[in-house]
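Each structure below appears as structure tokens.
Paired with chain B in one complex and with chain C in the other, chain A is shared by the two complexes that follow.
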Partner chain A sequence: MRETEVLVVGGGPAGLSAAIEAASFGAKVTLMDSDLALGGQLIKQTHKFFGSKNERAGTRGFKIAEELFKELKEREENIETFTNCTVTGYYKEDGVVSCVKGEDEYFHVKPKKIVMATGAQERIIPFPNNHLPGVYGAGAVQTLMNVYGVVPGERVLMVGAGNIGLIVSYQLMQAGVKVVGIVEAMNKIGGYWVHAAKVRRLGVPIYLRHTVKEAIGDRFVEGAVIQEIDEKFQPTGNEKKLDVDIICLAVGLTPTCELLWQAGCKMSFVPQLCGYVAQRDKNMRTSHPDIWVAGDAAGIEEASSAMVEGRIAGLGVVKALGYGAPEEIQGRLEEYHMRLADLRGGEVGAKIREGIALCSVESWEV
Partner chain B sequence: MKLIEKHPILEYKHGRLVTFTFDGVPMQGYEGEPIAAALHANGVKVYRETPIRKQPRGFFCAIGKCSSCFMVVDGVPNVRTCITPLREGMKVETQRGKGIVKMDL
Partner chain C sequence: MSNKQDDIIICRCEEVTLGEIREWIAKGYDTFDELKRVLRVGMGPCQGRGCRDIILREIAKMTGKPYAEIPPGRFRPPAKPVKLGAIAKAGEAE
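What follows is the complex of A and B.
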């Protein structure tokens, strides 16, 4: 059976950072991602990132990914990378991990330590005909247009006016696709004002207190009916039919945590982090002594914090494996913790801080 | 193919153009890119039919997590076409029902 010191599951910003950090101390790392390319959500982001300068604010998402790929390359003698390779299971009895390369080449790996950086999954909302092709997650629309250059459709209804809904609307327009409107169930825009202003300037109506009533179509989406709702989310009777071929759902993400459940990690439901997450200590170790977690899988946040968490998890792993000088590791950890605190500071970080407090433990060793 | 021709920020690097078939109809797509993306560029949106209610399903998550894009590829059912790379001469078919796995026992 294949053996490795550190298995990193997921090659998004969190996993890449964990792999790079662990390899920088000489640990042998295996990085696996189910997608055809590394980079996770990051390679789909064409806009300039917000956040702190330390975490490369002002740089476009896919450019940040390129910087991480460069660092990965510099460490390549210590990092073995697999793409199109899905980690499908964890066996508690012997710590063996099952994987599938492509769709039919199964194999097993026995790692000493694991970092779970599996990112997030898109939420879906119920409405008649939501199964029709043409009802796509915002991530899927981004993949089509920003990674593969495929026109996702002609006319789009965006559902959700949070940052993702606003940013993807703008990206659609950059790709030459018409955004017919954005519906938002709340009575205010959830995303940042700058993003909302950009799409409004381009003439896209944002319908607050509106939701999708149904998708129209037989084999695929040929239209949508939107409806107004009151404070109690009940329909007011005001409806509008829109001529669209894509209904893009940007109604939130939830952490991908199946493998953590399988491994028996202690989990908590934390609404502020958008779902079930693993309880963790300060250095991202879960209740399972060989498993760490980082990034959106540990709670929906941002790429900037995902990268720092990945670095912290990577350090936690090398420390447990006995690599590196303890003072050096401690020094780096302190720096990363400061950067995280910075990212989560102020009013915008309040919700995340609350959420993290709900699933943090002082230490597992007590 | 419905491809984005001009983008203010991105430059697309495509692989080699190859021919594959969808339900017997020859189509073109880029080698190494997801089968589902190639189909979408060719205007194909329905990838399978559900076992009981025979409802159409297509692309949804694009990250291999939702099962919506399962198709029969070179005779193998339940292939996640959103993360399976396209190859020259692939035989891609609409999946009806659960798909039959051929077992050599």
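What follows is the complex of A and C.
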């Protein structure tokens, strides 16, 4: 059976960072990603990042991916990479992990330590005819356009005015697609002001306290009905029919954590982090002594914090494996914790800080 | 109105509607695992990634329990369908 010191599940911003950090101390790392290419969501993010310069603010997402790939390449003698390879199971009895590469190649790996950086999945909301072709997740639309160069249709209703809804709306317009309107169930725009301002300047209406009532169509989307809702999210009776062929759902993400459940990690439901997440100590170790977690899988946040969490998890793992000088590891950990606190500072980080407090433990009993 | 709601497909992989789910919750099958056994929700290619959250919310709504108290169900390997042939081939190799 294949063996490795550190298995990193997921090659997005968190997983790449964890792999690079662990390999920089000499650990042998195996990095697996279910997608055809590494980089996770970064490779489709054409917008510039916010935050501090330390965390690459002002750089576009796909450029950040390129920087991480460069670092990965510098450590290639210590990092073995598998793409198009899904980790399908964790078996508690013997700590063996099952994987399938492509459709036909099934194999087992026995890692000493694991970093779960499995990311997130898009939420779907129920409404009549939401199964029709033409109803997409916003992330899926972004992948289609920015990775594969395919526009989804001609006229779009965007559901959700958080950052993803606003950014993807803008990118649809850059691709020549008409965004007919954006509906948002809350009474205010959830995303950053600059993103909202960009689409408003281009004349896209944002309907607050509105939701999609139903999709119209027989074999594919031929229209949508939106409706106004009150403070209790009940319909007021005001409705409007929109002529669209695409309904794009940007209604939130939820952490992908099947493998953590399979491993028996202690889990908590934390609404601030958008779903069930693993309880963790300061250095991202779960209740399972050999499993760490990082990035969106540990709670929905930004790629910037995912990268720092990945670094912290990578350090946690090498420390447990006995690599590196303890002072050096401690020094780096302190720096990363400071950077993470910076990213989560102020009013914008309040929700995340609350959520993390709900699933953090001081240390695990040994 | 209610008919249109009932026809919404919640589990896309196994084509299970909101109406069917509500009917079984009303009969007392008010956990995800029970619904999975009677309706096959969450047993298709996506393994519940799309429907689990919606079903848990529906159970919370109908039973009046908070969402956080509804058990999310058991997670078993494999996290996505794997061909039996691939597993058999791997077994021969080991």
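Operating definition for what follows: the second predicted complex is superposed on the first by the 364 of 366 C-alpha atoms of A that agree within 3 Å, B and C clash if a C-alpha of one lies under 4 Å from a C-alpha of the other, contacts with A are read in each partner's own complex, and residues count from 1 in each chain.
By our rule, contacts are C-beta pairs under 8 Å (C-beta built on N, C-alpha and C of every residue); 3 or more make two chains touch, one makes a residue touch a chain.
Since we're looking at a predicted model, the values are computed, not measured.
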Chain B versus chain C as contact partner of A:T86, first or second or both or neither: both
First (chain B), second (chain C), both or neither touched by A:D104: both
Partner chain(s) touched by A:F220 [first = chain B, second = chain C, both, neither]: first
First (chain B), second (chain C), both or neither touched by A:L36: first
Touched partner set for A:F269, first chain B, second chain C, both or neither: second
Contacts of A:H131 with chain B and chain C, given as first, second, both or neither: both
Contacts of A:S287 with chain B and chain C, given as first, second, both or neither: neither
Partner chain in contact with A:P152 - chain B first, chain C second, else both or neither: first
First (chain B), second (chain C), both or neither touched by A:L144: first
Residues on chain A lying within both footprints (that of chain B and that of chain C): 86, 103-104, 121, 131, 256
Partner chain A, residues of chain C touching it in the complex: 4-5, 7-10, 12, 18, 47, 49-50, 53-54, 67-68, 72, 74-80, 82-83, 85-87, 89-90, 94
Chain C partner contacts - residues on chain A that touch it in the complex: 1, 86-91, 98, 100, 103-108, 121, 123-131, 214, 254, 256, 258-259, 261-262, 269, 275-276
Chain B contact footprint on chain A (complex, rising order): 34-36, 46, 60, 62, 84, 86, 102-104, 119, 121-122, 131-137, 139-140, 143-146, 148-152, 174-176, 219-220, 256
Residues of chain B touching chain A in the complex: 1-10, 12, 14, 30, 32-34, 37, 40-41, 45-47, 50, 55-66, 73, 76, 78-80, 82-85
